[in-house]
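Let me give you the structure first, and then I'll get to my questions.
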């Protein structure tokens, strides 16, 4: 998915080689490019909103069925005013960071270890593939049985990210050219220092990819878990709104869910992935 | 009347990062005769690939005129076949399928397509590999397919963009000798882009040397070495070393720091 | 693993051993044996209370019971039918739509942000709205799966079209191919790896969406069975459900997706086989 148009002005500055050939380029054309990219990105949404407004206006669909654009905006304003929006948003985002962070702390070391030892890797690979496929939503029944609500939702995210991270980290380590390890060895790197010095940086692009894929599953898992067993969060407010036929709140939440994931993915994970891959001129085998 | 006539060709790129114009090609004129083998030679960043891209119709010139036969060229078309450095074989087609592609586009009958394709596969010495997929062949063999694919289309002009730059040295010499053989047999008109001086001298009737920044015509040399040519004879040939030596002198004068310039060519090529 | 001497003169035991190792079924299942053993040991040691953790023996027994009573086969058929429906319509809609959008550069640019957004909204988030529209019905579930399959597919196709090497398009053009032929002979096959990745990602998401939808809509299916069992405190049945789900994905992957990939993009040397679902995007 490298073909995405640049969405932020900062993207282009970090392109490979640019800073070397032209360290003091005028910023004006860069800013112009950034603005036009942003406009290109936003324009479709404006058009979509206009079509939406026209259709609802033309067909006279009742609010119980589908909201008008203004209804959604008003619902948003009301929820912002009484603070419930921030409460739900905060709960969901906090859980994502909690679960994701926990998964990084546990998954990366485990993945590195598996990647470093071929026998351990061959032993665990089938089980891992099994678990990656199962990760996330399928664990909801068990998670709600094992943990309290908050714990269960965090567990789902951890679970989704963990398996994807372990798997990708392991593959990343295995794809490090053997010459890198040999070079490090012949320069006096011991087996323990090999992890921070060679294996981790070498596997980093793959680790970031794993994080991105896992977070994708995790975010969906979070919404599902909150709908099924939540007491707060975006998914829970979706569940509540459905009970009361509040389509304006439902659509608002859907937009928020999409927007937050896009922001997380495009401004956090994707640049991180691009930077690790491009910075060192490493190309991944799969894109 | 020359076969290919290039008249005061120029190309200016806009460098997005600096917001200034970069002159890639400046007032280039030359001609190629029917059946002639001409190489365009120059240091990195002299815009030689830009010339090929313009003649092939992939990008538009900023100024100047190009006539093939006596008609101005348009977009890419079957009258100008291109052999790419990256081979650009279709991985989902077999060797036969790749070579048959041109005749198929020309809507020739199926049996005719097959006959032509097999003829040219044999010409480049790949009989027996018709049903293989490109990735199953070595780089040298893949480029033989690239040549066969273009020749099977019987173009008025064959354009070669550093065709042997991505194969190893031994294979390259073999491919060069085989290309010469094919050329001597069929006499297609060839314009070859290269930065390899010996390759240009070995293959060509004429070598056109460019300067860099901006790309200008430096020298148009006729290579008066006798044909048929073979590496085994030429490596000890004094005339061959004189010519290569002379060209090397021309190129060394014309190139400053090659690294930065190469980068610029890359930037320029990226925005057709 | 094997030392050269052994290779030269295998003892009969080694020969049998190697034949067993070479057997695909054994190779796939063997790694699970120690896991099952560890699982059994943990359950037997009573580290977790039995209400939270089922032992392998219980799971197998319950599995047999559920099959015998016809509950599991019935639910399984429900789930698979839904997934098949959803996947079929998803492919049917997603592939043509992806190429349609991809035809023009401007359409591609305009639709790209929308595609990213709708993929980001996520299938499950649609469910409340769908339930209001269609009630707790099969339509709602199918819609969700179609949705999950369509967007990754379109995103991948659009990105895949952009990723077709420029030299290949140029080669085709200078061999005399017109716009239509470039599309049919270069863009379409050239973007096939992206389609395969898209299907893989879409089905991966679709599978999860199905489970969530079955839990939420809750009438039948494996997801429903698991959640129903959880409400009744039947932890064994939850375990059965998870194992069945895992096996099903494994089978979908190795019996449907992998052979398609082997016959197309792998045969053409365009990609190496991505291992597992972890690399799908």
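Note that the chains take the letters A, B and C in the order they are written out, and that residue 1 is the start of every chain.
FYI, contacts are C-beta pairs under 8 Å (C-beta built on N, C-alpha and C of every residue); 3 or more make two chains touch, one makes a residue touch a chain.
All of these numbers come straight from a predicted model, not from anything done at the bench.
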item: Two chains joined by the most C-beta pairs in contact, as defined above; value: A-C
item: Farthest-lying chain, centroid of Cα atoms versus that of chain C; value: B
item: Centre-of-Cα separation between chain C and chain B, whole angstrom; value: 46
item: Chain A-chain C separation of Cα centroids, rounded to whole Å; value: 19
item: Contacting residues of chain A [partner chain C, same complex]; value: 1-5, 40-45, 47-48, 64-66, 122-134, 136-142, 144-146, 163-164, 167-168, 171, 209-210, 212-213, 216-217, 219-221, 223-224, 227-228, 235, 238-239, 241-242, 245, 247, 250-251, 253-255, 257-259, 261-262, 265-266, 285-287
item: Partner chain C, residues of chain B touching it in the complex; value: 56-58, 75-78, 80-82, 84, 86, 88-92, 101-102, 105-106, 133-136, 149-150, 153, 159
item: Contacting residues of chain C [partner chain A, same complex]; value: 28, 31-32, 34-35, 52, 109-114, 116-118, 120-129, 131-133, 155-156, 158-159, 162-163, 204-205, 207-209, 211-212, 215-216, 226-227, 229-230, 233, 235, 238-239, 241-242, 245-246, 249-250, 253, 271-272, 274-281
item: Touching residues (chain side chain C, partner chain B) in the complex; value: 165, 167-168, 170-178, 181, 185-186, 189-190, 192, 264, 267-270
